[in-house]
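Just so it is clear, A, B, C, D and E label the chains in written order, and each chain counts residues from 1 on its own.
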Amino acid sequence: MKSVSPPPTAPAPPRRVGERLVDQPQVPLLGRIQRAMHAHPLLGPTAVLILACIFFTIAVGPRFIEPLNISLILQQVQIIGMVGIAQTLIILTGGIDLSVAAAMVFSTVIAGKLAAEAGTPPLLALLLALLTGAVCGSLNGALVTRFRVPPFIATLGTLSIFTALNLYVSGSQTIKANALPDLLLWPGQTFHVLGAPVTFGSVLVLAAFIVVSYILRRTAWGEHIYAVGDNAEGARLSGIRTSRVLISVYIVAGVVCAIAGWLLIGRVGSVSPFSGEGVNLASITAVVIGGTSLFGGRGHVLGTLLGALIIGVFSNGLTLTGVDVLWQVFTTGVLVIVAVGLDQWTRKVAG
Amino acid sequence: SGSSKPLVGLITKTDDNPYYVKMREGAQQKAAELGFELQALSGQGQSDNDSQVKAIENLIARGAKGIMIAPSDSEAILPAIKKARDAGVFVAVLDSPTNPASAADATYATDNFQAGVLIGKWAATQFSGKQARIAMLDLSPAQVAVDVQRDQGFLQGFGIDVADKSKIGDESDSRIVGHEVTNANEAGGRTAMEKLLQRDRSINLVYTINEPAAAGAFESIKAAGLENKVTVVSIDGGCPGVKDVKAGAIGATSMQFPLKMAGDALQAISAYIKDGTRPATSQGLDFTNTGVTLISDKPAAGVDSKDTAWGLANCWG
Amino acid sequence: MTTTSNPARTRQITPILSARNLVKRYGHVTALAGADLTLYPGEVLAVIGDNGAGKSSLIKCLSGAVVPDEGEIRVKGKPERFRTPLDARSAGIETVYQHLALAPARDIAANVFLGRELRKPGPLGWGLRMLDRKTMRQETAKILGDLGLLTLQNIGQAVETLSGGQRQGVAVARAAAFGSRVIIMDEPTAALGVKESAKVLNLIAEIRDRGIPVILISHDMPHVFEVADRIHIQRLGRRIACVQKTEITMNDAVSLMTGAQTPPEDHDPETIPERLVRQ
Amino acid sequence: MKSVSPPPTAPAPPRRVGERLVDQPQVPLLGRIQRAMHAHPLLGPTAVLILACIFFTIAVGPRFIEPLNISLILQQVQIIGMVGIAQTLIILTGGIDLSVAAAMVFSTVIAGKLAAEAGTPPLLALLLALLTGAVCGSLNGALVTRFRVPPFIATLGTLSIFTALNLYVSGSQTIKANALPDLLLWPGQTFHVLGAPVTFGSVLVLAAFIVVSYILRRTAWGEHIYAVGDNAEGARLSGIRTSRVLISVYIVAGVVCAIAGWLLIGRVGSVSPFSGEGVNLASITAVVIGGTSLFGGRGHVLGTLLGALIIGVFSNGLTLTGVDVLWQVFTTGVLVIVAVGLDQWTRKVAG
Amino acid sequence: MTTTSNPARTRQITPILSARNLVKRYGHVTALAGADLTLYPGEVLAVIGDNGAGKSSLIKCLSGAVVPDEGEIRVKGKPERFRTPLDARSAGIETVYQHLALAPARDIAANVFLGRELRKPGPLGWGLRMLDRKTMRQETAKILGDLGLLTLQNIGQAVETLSGGQRQGVAVARAAAFGSRVIIMDEPTAALGVKESAKVLNLIAEIRDRGIPVILISHDMPHVFEVADRIHIQRLGRRIACVQKTEITMNDAVSLMTGAQTPPEDHDPETIPERLVRQ
């Protein structure tokens, strides 16, 4: 290709002087990166994700970045991602939900029992599972708003309650794929993109992120969620029905967990009352890596998607490099800290 | 990742339980002998299916030739195993059989029910003519397969009607004082035993899910001054456990052979890679039984057992 | 509204907002010990009093922010029970709180429209319920510009990064933009500069001229005497007097407020504002 | 005994009228209870504890309340209690520590390895274990203050790091009592009170609570911990070295965890690398049941003692009543919520 | 200190605190664009300016609360770098911040003594490091009583339950009780009642009479003209003028501050306060 040099007489672009009262002075590169990241809070997690991908592509070889593996990573993070959406909503209000995994599993057990044993039509079973999620969420919401139990404790309590109910209803028995209707297994079905199998579940998760991101940024409800998390008393004084906002958030989070349950059935290919271990902590981790503040009111759900992907890329990449499980645990710990530390550094500019 | 050796993965339930740590070490040794590269992975808990599924997928992606797995969930893991086998990977199940066992290429496992039956029978001989008061120290409220099989095996071996064999705690025998969960560790064993003793101080026979739980239980028995009145039985066959048998803290334990499981599985994988042969299962079973041996210094009539000297020579770690 | 200048008939004007015998206790502290308040249509009522006299507590009861332990609130003579700020807002009462009710991490426009966001016109609005951020920004810029309250470098700034006075400007602008029946302002000029304070006082006068009554809490006597019609003097949780601005000097007001002087025996705190009498 | 009626002419006690400007009016009983509880925040958890004891004494019989069982409950909660002290300190600063259990176990492994295998003198081994705790704590503290990683993430990361190190150092091997020196086992030794065996460990925990309570209420350091948790920026502007306070809190918490490790060795009678399960969540639960706010700055360490006892009483009492484990899980969930809900109700008075 | 009334020699008095060319940027917002400040011994320097002019940012640099991006601060002519508020405090600079630096859940005494708690005398103090809460309470009650700042029902109240003015009173009392070399007050009377404001102004005069200079930020012109010696006028992040109180009228000050008027070409913002010149 022929390289084109600029015509020597080209006039300098007109500089708009005095546009601001005080001219923005020259800032060193590092400072400019910091500022850009501050203005676009998703840049930090995105950078971490890209760096991680580059690192693993070098360490593992092109196998890491090929469509098949990307599709695999997407499948592996879909549950954490979906539950992470629920967790983000709740953390944005200044709460935390320890019962997400239990609610998710409980709704799968309900769906499975109904469809496989009670002979309920598949669609109805699925809807009832979503309803279960909503009921779980509204219990949490009622405890938090009506009885003023702090979210941590309310959901710690319901974690036990849902777990017990779950074991009771399921009788600790797994329901196998062949007893389940196709509808329940649908999120695990695949279609092909670039020769790589992609599950409908992965698509569902991505769609859910887009929808929730839209809701949070573009609707009044989203606005109120942020306001409640930012300053609950101020929001109340501004005429926002804070209790109603909170309850609705918990209910929506419950339904999202139930959808995550559906994905779980599709992914595992059965209904197992013991699934979902580690999902609580992983979902919170994804939210925080994504830059959402645990104190509420600040953050973005797309950050959670990035957070979940970062977790997935690390876990997949470390396995592919052949690191032993002991050192995977170690490295994961280090990486979580580094990812968030890097993100914090970009925020320091706010002073 | 640059090595040209064929890759084999080992997926255990947890990475901290000595049982699986020893299994991993044994496998590592054997793999080196056979010229494999071994990658060890694990779930995050006794019932963490999701991590194991991920581990299988990642191993397939890494191009593993064989996978050994101790499944946390004997049924939920099946689709992932199928995926691996469809990709041409030889899957050997270790320790806890899948349901059905035929879902894997080979299974090397302890018959956990049998392990329970052995200590149950042994205990029955110690309590002939004496009223037993039994404490059952189980794993977790979740009633996972190992937990149920060992618990029910023990009760059946002891001669108690277990009612539903797939359910802990539905027995109506008055000799059972109660069930408590221990999370299979010392602290849990101690607390559970204290609680049951407080409920009924006449307890004289204690079943424990594994030897760490037994060690914890024995601490509380000792603290209550009942060490001469209570018999503890357990399952595992780890070296600390055998030492406890020798010291009299545990009356008898059923020894399993995790190193043999891993070793046999690696052999089978090796053979399969070489010429495609598949191993046969033990007679009358749908899996290869790596056996259980009762270890006790008080041999009982009608129950085969080995003494602790043999136990110490054969324990797994 | 028809009134005569006959003082005997003045009682017939229904107060637009009144409170009787409000009591509010916090643990061992009694913030309101039987406070009354009367606000007539179209007047500016200044509430003055020492720190801790219960001014903020009083208006919090009127705005639904706290529920009084005892006492009665009437709007246009009709008893009302405000359980939340939203109740008061639906009754047309808009409030600027002393500890500003803002969401610090949100930007200025979001704060101005908090709780009554605008939606896009057309299907985007009623179908997708999409907010009309652009219009809200423009409106905000317009409101702030009209009021001249803010010298802002960046309209997209989060409220927590604003200077103390800028924040107060945002809160006042919000109340002014939406107030419909009564506007209550708790020390709106406390953090404002000279120019900005003057703007707010003008604004209060304008609002009054539009017929909307205003309750103004302030410690600044010149401000109070500049804009108020009547002055409500709060002391130790009670209204001890309420007088026409023209009937009292600044010094007397301060003496009453600090307890250096007591109101005359025959003082009637319910007199109609002269402005109305004159009409 | 002869009942004495008051002399009919006795003058009424002098009433001090007008002492307050506004007379305190008659308040209904419920309101008065609420106020008392508000003034004395430990009353709530104390009431819950007493109610629970009464309930279980009725349900189980006197066996529940006999010295032996009380001593057992004390032994059962000593680890949670000791770790709860560390957790309280950190939560008071507005943080949270997910690595407490891992740090505790790691320090036991160090002590055990040194004493049993390296032949280190027992006292030195113990001191090195405490040092291990301090190092773990200062790592957390450095991450939180220097690198501004939020405590939740910092300690989530170090949880993985400590766990991996712990498995690496111990090789997952249990070290048996007979290999351990008496000093390490000392907290498990008993002496007798009222015929019931009491362990030195239990005494150590109670002593630790008293000492830490004294420090928090009576020293400048305690004052600064509260101030930092209450309003970190305000404390900084008031001239408090907030970073130094935070680091010191994390180090002290680490040492307290190491002491908890010592108790653990005494209780279990061996050094086991996989003890400490559930201690993280239980310690946080104890803190919150004890009335300490997860947002920092409000609460009291003695509340944590009450919280730990409440957990212990429930868990012990439910077993003694013979409730199935499944329903124990369920009931525990309900009880945690009720305990905190009751406490919240008493606080509502602050409105 | 000896000075003559010869204006040519006035420059020889070393300012106790001075700042040159301070710049502070927050992201896209420039709060200080090369601000100067000079404080001479024994004077009250008022800082006035519109909302957002950078007054609070300026004093935050002087008190170590923020570190300026550029510029130099000198104490008694010696360059200093304050990295934390503690540095400034050790240099004897005591500050009342606009957004009060209080611990809301702690009680009043704890807040007054925050960061310099008193210990019990004797072994309890140096051995057990026991706080002397009783003395701190008594001292607090005394300080507050002397200043007449608070009408409090309960000295053990948490600061978050105090009224807006009461909180400000606590913050002012704290600075006044400990200030040693310089006291800076950012709008100390903004939330205070008439009586309490007067007390604070008195207090400022008293402090000055003890020889300790005070920087006072205020929007209240009568207050400023009552107590200040010199008036520093801040505009758009810079000092645009600094004049003797006697040389300027209130109206001119406001015009300068709002930009309606510019200072004369030959204006020298570094003139020595008349008070010192007169001595």
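To be clear about the criterion, a contact is a pair of C-beta atoms (placed from the backbone, for glycine too) under 8 Å apart; a residue touches a chain by one contact, two chains touch by 3 or more.
Worth saying up front: this structure is predicted, and the values here are computed from it rather than measured.
Relative to the C-alpha centre of chain C, the farthest chain centre belongs to B. Relative to the C-alpha centre of chain E, the farthest chain centre belongs to B. Chain geometry summary: the mean Cα position of chain A and that of chain D are 33 Å apart. Measuring from the averaged C-alpha position of chain B to that of chain D gives a distance of 35 Å. Note on chain placement: the centre of chain B and the centre of chain C lie 74 Å apart, centres being C-alpha means. The set of chain B residues that touch two or more partner chains comprises 15, 141. Multi-chain contact residues, meaning those touching two or more other chains, occur in chain D at positions 21, 163, 167, 326, 329, 350.
Counting only residues that touch two or more partner chains, chain C has 26-28, 30, 153. Interface residues of chain C, counted against chain E in their complex, comprise 26-30, 48-53, 56, 98-99, 150-154, 157, 161-166, 169, 187, 190-197, 219-222, 254, 257-258. Those residues of chain B lying in contact with chain A across their complex are 1, 7, 15, 37, 39-45, 47-51, 53-55, 57-59, 61-63, 72-76, 78-79, 141-144, 166-167.
Those residues of chain A that touch chain D in the shared complex are 143, 147-150, 152-154, 156-161, 163-165, 167-168, 281, 284-285, 288-289, 293-295, 326-327, 329-330, 332-337, 340-341, 344-345, 348. On the side of chain E, the complex with chain D involves touching residues 63, 65, 84-86, 89, 95, 97, 100-106, 110, 114-117, 119, 128-131, 133, 153, 161. Residue ranges of chain D in contact with chain B, taken from their complex: 63, 68-69, 72, 75-76, 79, 163, 167, 171-174, 176, 178, 188, 190, 197, 264, 267-270, 272-278, 315-316, 319-320, 322, 324-326, 328-329.
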